[in-house]
Amino acid sequence: MKILVAIKQVPDTATQMKLGADGKTIDPTGITWIVSPYDEFAVEEALRIKEKRGQGEVVAVSLGPDRVKEALRSCLAMGCDRAIHLNDPAWGAADTLMTARALAAVVKQEAPQLVLCGRQAIDDDMGALPAQLGELLGWPSAYWIMEEAVDADGKTVRVARQVEGGLEVFDLPLPAIVTAQKGLNEPRYPTLKGIMGAKKKELKDVKAADVGLAAEAPQLSITALEALPPRPPGRIIQGDLPTAVKELVRSLREDAKAI
Amino acid sequence: MPNAFWCIVEDDRAGLPKKVMAEVIGEATRLSGGAEAVWLTDKASDEGLKQLGEWGATRILLVESAGLAPYRAEVWVKVLADLAAPEAPRAIFGPVTSKQRELLARLAARLGVGLSADSVAFAMAGDTLTATRPVYAGKLLSKVAWAKTPCVATLRPNVFRPAEAQPGKTATVERPQTSLGDAFMKFVERREETSTGLPELTEAETVISGGRGMKGPENYVILEDMARVIGAAVGASRAAVDAGWRPHRFQIGQTGRTISPKLYLGFGVSGAIQHLAGMRTSKVIVAVNKDPEAPIFKIADYGIVGDLFEVVPALTQEFKRLLEK
Amino acid sequence: MRFTLTDEQQMIQAMAREFAESEIRPIAAEIDREARFPHETVKRMAELGLLGIIVPEAWGGSGGDTVSYVVALEEIARACASHAVVMAVNNSLYCWPVLTYGTDEQKERFLTPFAAGHQLGCFALTEPQAGSDATNQHTLAVRDGDAYVLNGKKQFVSTGREASAALVFCQTDVAKGSHGISAFLVEKSAPGLSVSKTEDKLGIRASDTAELVFEDCRVPAAQRLGEEGQGFRIALSTLDGGRIGIAAQAVGIARAAYERSIAYARERTSFGVPIGQHQMVQWMLADMATTIDGARLLTQRAAALKDAGAPHGAAAAMAKLFAAETAMKVTTDAIQVHGGYGYIKEYDVERYFRDAKITQIYEGTSQIQKLVIARHVLGERA
């Protein structure tokens, strides 16, 4: 079974974010880039499916500038068989839909039976890509998956998706898109051997023209990026326990009107 | 109607719209002067239609069909796209729920328009709508604009001021003829979570959260006692979930649920960036931690430096006294 | 001259850091307190390929270089010095000499499972009367047909209890002194070999340090590593590489203490300001930052020389000397920065201080490193 995993390179959560000079982008200096955590769940699940079936191929795909190769290499180090880097200035201002179109074009070329994604990338937290990819391909997409099992003959995948108040279990005919929620698995660390072997694996650069796409304008564009307005300064309530607790409840009731 | 603001209804699967729809309709009404509700369901009710009208929906497009349940994106998205084509709404809004975050993404792709997910504010300047949405773990705010309409957006619950119900106000109800999309996914079963008897985390107006300072799973019972008194949901930090003290569905933060309650009370929560990402838009934040240097105090409106195992029972008693009055 | 790690080295560093942060650090204080050998996490280190980094894949290892080894080891030591010593001993004191001096038959049996980390190896040189003076070996190996019969006692053997094989240095020809020393690969299960005790230590308490006793222990001649009389040279060349590992361990311990001090200096206030605003604290932090950086550069340079096949004995000694002294000074100052909190077990700096001390002692004391360096600068090869 061929599985494609769509991943995104994002700033590490602990990185301090600074605004760029244009007021629309972030200042990339000093950022530690990582594979978005949910995407690691997706990579891990793809590798587990392959290992369980004893055969297959896992292809990691990502769209972005040159630095994205690092993220793809770490997917190769985890055990993906090869990687595709959608790397073209034409995708410089790509919104989710443009990214979905680019990925859909790759999926059509590669024809995997399963596409795995993380539930959302932790930079823009849009969480729309898997659904949009499904829509463009005419495939089912299953969101926020906590459990997943491909059947023995590789025709369907059974998923349990997290919804308010429970889990809904569905069978999806393959090909399909499955998005990983935390709890699906515990991603492995790349082994030293995996890391040493990653550079021998194929990492292919793909331009928009290679997948038959013409330049297009994004449907959603960022007009401004702003720092969070500061919260009004808080108050540490002093005093002995009974006094402090009474004062807290009074403040919540009378000042904040929160209770 | 052309240029209308559509609000895709989220219901309780028993014929009533969820309360979050008051927020969506409220915001759409503020932006446009009149919101329209689009309700796809297997089971509507007169009570539900009345509710939508009282919240300010001027018109309701109701598609009622057994085939709509259980929700499958591919079935629903065709209905919405077919309805939208002749109507040409200016905007299509829905609350962030497990269903709509997927549905509206698919709809935007089908219509070839932009999507602003998890929006926390909107502005209309002339005919142009812009949305504000938190990015980078809520550390920055991004303003986004659409290249063309309809502007599709999901709205974070508990952020927008809900419409006040106007008793007696009604909407015109239309039942357009549509055909459902073909279902790809086959429903197998629904596994209900064991009910805590407490509100859902993302829907609750008050959320109590316990972190590493809870010291173990057995101690969450004191938070649940407080939750029952004030009608709150109980969540946990990543540290507590990773330690196996609470199931993942209770995790608040970047790799868990994003919440925005009116009141957030954190006990023994240090306030790691991952956690803040999931709760920093809460309106009032209370933190109790024995470490005065805990980062959560930097964003808390009220803080008590102390042992949560002393503070929680005392606070529960005080809440009880207040609410019994 | 380049001061950047290669992509692979950076990925190995990142992997070791994440693994150490999430799986080793949380248990470090507890296993120190209980002096408990961390079997589970050592097994995880094996799975990740951390126990045979420098051994080629063909012999069960990861096929990495010495620079990768030291950057990974620093990350492990930063989380827990005990894990670091287990890793260092298996990699550089056991696998490296077997790889370098072993026959294919010996490697098959005594390297492949060890480089993969399925089994652990140890290095038995020190004797009760012979620490720094390693030429003074009393353990005897007497030839008897196609075997040697070993008698004697080895002391302070790191991983001596947990290991399944030991590289043992014995006198095969007393008359020849250090040229009469030979090295043997001995299975721990060999009749006549026993662990007589394990030490209760100041630091690196989760690693085991054992005494091995040989009583008429028959070792087939095929298990002699290298030629008869080559043992001392094997020991010295092994220690040249081993010292780079200990230097990395010391850098890791120092960095852990330094990072805690920085965090504490930012959050702890006295006289109305964070203590990091006080010049005397700044002084200590600046010294920490500078010496740790220097120690790391010396360590990575020694590793790079070794990878290049260049002489690295003096560079390794300098790295180990400077890194060990740095670790001791930094951990001492880290306690000072923390004040009373640094002296209690609730804060980790107290453990870093105890762990740092051993780096000035094992694989050649700081004084021995100075001797090695002095001989080198005076033009006398040690």
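In this document, chain identifiers A, B and C correspond to the written order of the chains, with residue numbering beginning at 1 in each.
The rule we apply is simple: a contact is a pair of C-beta atoms (placed from the backbone, for glycine too) under 8 Å apart; a residue touches a chain by one contact, two chains touch by 3 or more.
Values in this document were obtained by computation on a predicted structure and should not be read as measured data.
Undergrad: By C-alpha centroid distance to the whole-protein centroid, which chain wins?
TA: It is chain A that sits nearest the middle.
Undergrad: Measuring centre to centre, with centres taken as mean CA positions, what chain is farthest from chain B?
TA: Computed centres place C farthest from chain B.
Undergrad: So, what's the distance in Å between the C-alpha centres of chain B and chain A?
TA: That gives a centre separation of 21 Å.
Undergrad: Measure off the straight-line distance from the CA centroid of chain B to the CA centroid of chain C, and report it in whole Å.
TA: Taking the mean C-alpha position of each chain, the two centres sit 54 Å apart.
Undergrad: Distance between chain A and chain C based on Cα centroids, please, to the nearest Å.
TA: Once rounded, the distance between the two centres reads 40 Å.
Undergrad: Where in chain B do residues touch two or more of the other chains?
TA: In chain B, no residue touches at least two other chains, as defined above.
Undergrad: In their complex, what parts of chain C are in touch with chain A?
TA: Contact set of chain C toward chain A: 7-8, 11-12, 14-15, 18-19, 47-50, 53, 57, 62-64, 68, 72.
Undergrad: What residues on chain B touch chain A, complex-wise?
TA: 70, 72-74, 77, 97-99, 101-103, 105-106, 108-110, 112-118, 130, 133-148, 184-193, 195, 200, 202-203, 206, 230, 248-249, 251, 254-256, 262-263, 273-274, 277, 280, 283-286, 292, 297-306, 310-311, 314-315, 318-319, 322-323
Undergrad: Going by the contact rule set out above, which residues of chain A touch chain B in the complex?
TA: 11, 13-14, 17, 19, 26, 37-38, 95-97, 100, 122-132, 134-136, 139-144, 146, 158, 160-173, 176, 182-183, 217-228, 231-232, 234-237, 241-242, 244-246, 248-249, 251-253, 256, 258-259
Undergrad: Can you list the chain A residues touching chain C in their complex?
TA: The contact residues of chain A facing chain C are 70, 73-74, 77, 189-193, 195-196, 198-199.
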